[in-house]
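These notes open a run of structures that come right after.
Both complexes shown next keep chain A, but they swap its partner, so chain B is in the first and chain C is in the second.
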Partner chain A sequence: MGNKPISQKKLNDFTLVINPGSVLDNNNAHEMVEIITVAQDKGFKNIILDMTDLEFISSAGVGSILGTIETSREAGGDIILCNAAESILHVLEVLDLADYLTVKNNLEEAASLCS
Partner chain B sequence: MNTKTERKSEREESPTFCRYSSDKPTLALDALAKLTKQFADKPDFKSLMEVFILTLSGQFSVPSAFIVLRNPERGYEPKIFIGTGKYRKNENLLTLKESREFCRFFNENRRPFRIEELMERESNAIFACLLSEAGVRLIAPLSHEKELIGVIALGEKVNRTPYDDTELELFGTMLLTIAPMIANSFLFMEMTHMNIWYLEILDNVKMGVFVFDSEHLLKKVNITGLEILDTFVPELIESNSLTKMPIQMVFPDSVFHSWVRRFIAADVNNHNELIENMVARKDGRECIYNVRVSKIIYDSNYKFDLVVTLDDITTQKENERRLFELEKFADKGQMASSISHELNNYLALILGGVELTQLALGRNDLDKAGGTLEKLKSNIDKMKRFTSGLMDYSRLNTVKKMADLNELVKDVLSFVVVQKKFKAVELHTELAAGLPPFVMDKDQIAQLLLNFLNNAVDAIEEAGIKTGQIWVKTGYKNKLASISVADNGIGIKPEVKNRLFKAHLTTKEKGHGYGLVTCAKIIENHGGQIEIVSEIGAGSMFTLYFPVNTEEVVIEK
Partner chain C sequence: MLIDSKKTLVIKIPKVLSVESVDKFHEELGALINQGPAMLELDCSRIDLVTSSHINLLWEARTLCLERGIKIKLCFVSSGLIRVLKVLDLHEIFLGDKNELPEDALHQDHMEFQAIGEFKLEFRAEANSITRALAEFRRYLSKLNLPMKGVIELEIVFYEVVTNIRLHSGVSSDATIMFNANSLKNKIVMVFTDQGKAFDPTSKEQNFDPDKAIKEKKKHGFGLTMITRMTNRMTYERRDDRINVLTLEKHWR
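Our next item is the complex of A and B:
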């Protein structure tokens, strides 16, 4: 399974949209943490994870979100998930994160929280 | 539809939530399997530990977790801290890295602890309070083969519920699975550090080191080696990677003049070591290298490395050449001094002869005067020979004939005793009976004896002794003739003794240090040996041993 690389796009001064690619697991979880923390340090209090391409997320992938989310929330922002496939949502549910994470259907809905 | 609230209501209605208990361990196993593969593929210790922390964080739905590990390089104290979530930058927790109490506790208690239990047991422990204040909810040691590797802690879960027994069990299982991999990773890290350490040493060696594999392809070259290549084969450095470069390209014939064939021959002939000097030339640049080729066999399948070291001795060789020039120059000076020294000896002999003649004439003993004049003439002849350059010490022409050593001693002493400086000295002689004549250069041996006698009288004078004594003795034993000159002079210091026969060494105020150099040459010409016994303040004894050759031949050397 060839993985699409992590990409990022600035939505506004406070919001960065990150596309984790097709797989978020051991191989790129740490990279994801680095990207998010660098963005947070630059003042992007909101991070939208656009999971359009995401086919698989591992525990480490979930850990990369959990390990950075509190920094965003403490800054008054959030890490918002959108366009997640059913299989991804299922993993989040299994890990009992559905209540904890903010999940939106699409980018527009996610962006509406970050204006 | 998929907002946080919407998902929650859906879950309440959906039977998928029931899969929680069975899917979660599956996810954990999947994560561990991937982690194991990752450890096996690329055991990059720090990034793997970071991924492991993220895996635990995701698996247990815990935003914050950390791991404290012992430093694999420096014993067993915890030194490495890796955190996620709020522990990522928690300065207070970093003190755990230095806490021996923390380390000791988990070394003695190898099981997971809920924070409540830990606080009950260790309420006074600073580390326990620190963990509680930091929001740690579960903590467990990470062990492998009875060895504590580190400690892993998890913060509060997102749903704020306490860790149940199933989670504790899963946590324990995950740690058990991961511990051997961490231990291996430690090992790998130690090996990596050791490798780096060795490479640093290699790069600090001030000689070019080239390692080739059994197919003679380059495996490793150190910095000095690269500098050599940069000087003589710059195109190699400029090209691409040097790895796997054939030995013939590393040491091209155009620069290293067929040396590569010798390197390979050293391998083929299974020479353990080849050490020689090699000249490399290119565009007027020339370097001399001391080459060492050795072979390291590292497995039973005859796999080996060929190690070629090049030690630049160009400067050393240049210095040697300069020294040689200086020595040649010094030789000339040395020769002049030797001649002057020897001339003084001859003049002393002639003076003695004149004095003897005067005495004989004073007594009207014409026969005696005639005999003395004959000896005088003979000595003047010897002096003539000497001044003609025949006694150049460095290529002393030796004319050997059968002669009687005892007669020679008597002859020399007869001239010596009349000299003023010997008059204050008691001369004792003890000549061996039955000493056969043997082949020698009489003039050289006389010169030798004269030198030792002069040195003996000088040593007595230096000691300031009124009753100076000199003993001259000959001997014959085991086909060795010996002649010794002993005195009760000042003696020779031990540090001087070993250097006596070296040029430029003198202990005398007016000496030049060349007399004994000539003696050494004469002894060498006769295949002789010298023995020196000396005691400071008591005197010295020089004994010469010559092999007795009784064959009547004239040997010119």
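Our next item is the complex of A and C:
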């Protein structure tokens, strides 16, 4: 498993796309939280987490998402997950998060919620 | 001990590896090696349940023989032993070309009753060591033909447990975490041992509420919930008031 770093790109004035890389665990969850928090502070009410490369997520990784969603929702936006592998979705299912997260199949579908 | 005309000697691997039986084996092995055979056959017919100790014994015998220029060969190898050797990437070393095995080598099949792979790791309670240990564990799991979701869960359980030890047990980064996994027919048993402060995860109530966690912007504290939900049985023991032994079982249908 590689160690692709977290990356980000602006989709529009209110939406930032973040790619968490290949691993989201204790080693980089705090970085993830910081990137999301800074983006929210800058007015990006929508955050799309493009999980194309994500192979492993720990509880800290899940926490970095759960702990920042409400801020986006309070601003009228959301944190949207997309391109998640079956293994990642399974972790979210184990935690019964399906009803509480916005998950889309791909970036296009996620972006359609952020226009 | 048997001797044939081609100067091939045979030694039986003991069925049960007690201190006495291993000592006796070493004694007999030394005596055989001193006879300078061209080949030593390790008779594995008595091995019912393959353990890491059996593998260690085979490895020791191989090393001693190679040092003396003696070839070794396994005979009466059960499919369970073959599978364990494959899991450990030792099948080429011990078995070489499968066709060279005696015809009866593959006939025994005790898989339903045998361990199919024991795995041990010792690593430091430090982030990079944990990452490497997880990679090793992943490599082991990949050879067990487990369901994908099961593999993911086991990887996460492993990571969460050792990360909890690293972050919350008070051990230094030089402290050692010991891990043992044993894959049986319908389950895998994992044992984590550390010398951090006592923590009994079985005594902690699990009442994870996703809605509440999101509303309260909670970023931590999901690890134990994941461990509990991804395993079927958890037991904890504090030994000698200094050693934590956490045993987790994951069952397969």
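Everything that follows uses one rule, which is that the second predicted complex is superposed on the first by the 113 of 115 C-alpha atoms of A that agree within 3 Å, B and C clash if a C-alpha of one lies under 4 Å from a C-alpha of the other, contacts with A are read in each partner's own complex, and residues count from 1 in each chain.
As a convention for this text, a contact is a pair of C-beta atoms (placed from the backbone, for glycine too) under 8 Å apart; a residue touches a chain by one contact, two chains touch by 3 or more.
Just so it is clear, the model here is predicted, and its values are computed rather than measured.
S.K.: Looking at the combined model built on chain A, do chain B and chain C fit side by side or clash?
M.R.: In the arrangement built by aligning on chain A, the partners chain C and chain B clash.
S.K.: Touching A:E70, do we find chain B (first), chain C (second), both, or neither?
M.R.: both
S.K.: Examine A:V33 and indicate which partner it touches, taking first as chain B and second as chain C; both and neither are also allowed.
M.R.: both
S.K.: Could you tell me if A:V103 is touching chain B, chain C, both of them or neither one (first, second, both, neither)?
M.R.: So A:V103 only meets chain B here.
S.K.: Taking the superposition on A as described, I'd like to know which of chain B and chain C A:S87 touches: first, second, both or neither.
M.R.: In the superposition, A:S87 touches chain C alone.
S.K.: If we overlay the two complexes on their shared chain A, which of chain B and chain C does A:L95 touch? Say first, second, both or neither.
M.R.: both
S.K.: Once the shared chain is lined up, is A:S59 touching chain B (first), chain C (second), both, or neither of them?
M.R.: Touch status of A:S59: both partners.
S.K.: Which stretch of chain B would you flag for clashing with chain C, going by 94-102, 112-120 or 166-174?
M.R.: It is 166-174.
S.K.: Same chain A residues contacting chain B and chain C, which ones?
M.R.: The answer is residues 25-27, 29, 33, 58-60, 62-64, 66-70, 90-91, 94-97, 99-100 of chain A.
S.K.: For a test of understanding, state which residues of chain B touch chain A in their complex under the given definition.
M.R.: 1-4, 7-8, 11, 16-17, 19-20, 23-24, 27-28, 30-31, 34-35, 38, 47, 50-59, 61-65, 84-86, 88, 157-159
S.K.: Would you mind writing out the residues of chain A in touch with chain C in their complex?
M.R.: 1, 25-27, 29, 33, 56, 58-60, 62-64, 66-71, 86-87, 90-91, 94-97, 99-100
S.K.: Which positions of chain A touch chain B when the two form their complex?
M.R.: Touching chain B from chain A are residues 25-27, 29-30, 33, 37, 58-70, 84, 89-91, 93-105, 109.
S.K.: In their complex, what parts of chain C are in touch with chain A?
M.R.: By the definition above, chain C touches chain A via 127, 131, 135, 138, 148-149, 152-153, 155-156, 159-160, 163, 167, 208, 210-211, 213-215, 217-223, 225-226, 229-230.
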